[in-house]
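Quick one: the structure is below, questions incoming.
Just so it is clear, A, B, C, D and E label the chains in written order, and each chain counts residues from 1 on its own.
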Amino acid sequence: MFLAKVTGSVVSTQKVDEMVGQKLLVVEPLRVDEKKRDRLQGTGRTFIAVDTVGAGEGEVVLIVQGSSARFTPDTKTLPIDCAIVGIVDRVTVESDSIFNAND
Amino acid sequence: MFLAKVTGSVVSTQKVDEMVGQKLLVVEPLRVDEKKRDRLQGTGRTFIAVDTVGAGEGEVVLIVQGSSARFTPDTKTLPIDCAIVGIVDRVTVESDSIFNAND
Amino acid sequence: MFLAKVTGSVVSTQKVDEMVGQKLLVVEPLRVDEKKRDRLQGTGRTFIAVDTVGAGEGEVVLIVQGSSARFTPDTKTLPIDCAIVGIVDRVTVESDSIFNAND
Amino acid sequence: MFLAKVTGSVVSTQKVDEMVGQKLLVVEPLRVDEKKRDRLQGTGRTFIAVDTVGAGEGEVVLIVQGSSARFTPDTKTLPIDCAIVGIVDRVTVESDSIFNAND
Amino acid sequence: MFLAKVTGSVVSTQKVDEMVGQKLLVVEPLRVDEKKRDRLQGTGRTFIAVDTVGAGEGEVVLIVQGSSARFTPDTKTLPIDCAIVGIVDRVTVESDSIFNAND
């Protein structure tokens, strides 16, 4: 899995039937700052993920990829390879808090 | 999943029987412009995807990869790892519209 | 899936029993030239793929990766993650022919 | 699989039910130093892995990705694509010990 | 699949039960030299693979990734995503031998 920031959303009217009603969010993967290790930083990459937990723009989320994206109650039979499975409250690295959703 | 632009098509006569009749499109993955975040830009990569939604050249589409590409009614038993599962109408990032198929 | 050029072959005598008799080809993934978009160019990467369609050196082929590589009649139970599922005749990008096997 | 160093942890309260009670660790993939080949070095990448073996911060671990991350007794039905399946004691490269957990 | 050189080994005492008794080797993926195409060269990347064919340090091997790594008699239920399925004797590129295990 990886951490990502929800940056936006996608609307698609003409799509596979199974995808009707699924919320599609734009997410940017994050990584721990390589040198200072004191914050999360964007990677510049863009993924589209199905939301299963009610995530919103600006939130940091936990993303699962591949066949495992179908292992939630809401996504079992969907043709998807990327799902949000958690909203992140805190990230701690080397004993320091580097992200807190309440800050 | 990721966003991509349909740029072309592939013809293959000599192929695995299961692939007969499948439309193979050339797609270029897109990402949100890293700095301005006001448009989608090409990544220069090239994938070949099976079309399940009637997509055409120039359209922005939603792509699923891996085993999940077999989770549409049309692709269940195909030896494919990449399928178009939606045609994109709009992409919104940081509350701004950065792509609209009608523009 | 992706396009690739068959560049060579691999011989392995000591291998998993299921692999006996399988033809292993060296392939280099191709992409559409980023700027001119008028030809396929090599990526410098190297994959080994099982051939299921009788491909030969110099041919451009369609490659499937991951679990889907096991979804051909010949590869169902093989420990492989990469198979050639088609020989490419033509590739068209932005309405221009950029590859033709007969040229 | 790949080697990684456990660098931290993630707390997520609002998540898919199946994930309740799972320990989520921040890990940085490692590689063998390219030139000297005498140590493991960080890659700067960031993954989130479910811990199945009681790993702690600072330890070097063995990571499995994809559907195989669900092939441990604790993770069979989880929507995860990354799990820690071992704590590494020693790594030997070209007959030299390049990592020893006891040093 | 890809070609790799076996460069070392990993010892892990505290691990998932299914992994007990499995030989874990350090491998470096190889590619065909991009320009001269006359030899295999290292990529600097590091993977850990389960050995199913009795490979040893210095040998060039064939690696399978993902769920297919579980499709050998020895690995069916293991939480692994990378296995050695063959020891390579010869690699031929553009009709020239670029690797021969007996040289």
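By definition in this document, a residue touches a chain if its C-beta (ideal position, glycine included) is under 8 Å from a C-beta of that chain, and two chains touch if they have at least 3 such contacts.
In this text, all values refer to a predicted model and were calculated from it rather than measured experimentally.
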Overlap of the chain B and chain C neighbour lists contains none
Same or different: do the copies chain D and chain E touch each other through matching residue numbers, with over half of them shared? different
Note: chain D sits from chain C at a C-alpha centroid distance in Å of 32
Between chain A and chain B, tell me the centre distance in angstrom, where each centre is the average of that chain's C-alpha atoms. 20
Which residue numbers or ranges of chain D touch two or more of the other chains? 66-67, 69-70
Ring, read from chain A with chain B next in line, is A, B, C, E, D
Going by the contact rule at the top, pick out the chain C residues touching chain B in the complex. 1-3, 30-32, 34, 37, 52-54, 62, 64-73, 75, 83, 85-95, 98
Could you pull out which chain B residues touch chain C in their complex? 7-19, 24, 26, 28, 42, 44-49, 57, 66-67, 69-70, 77-82
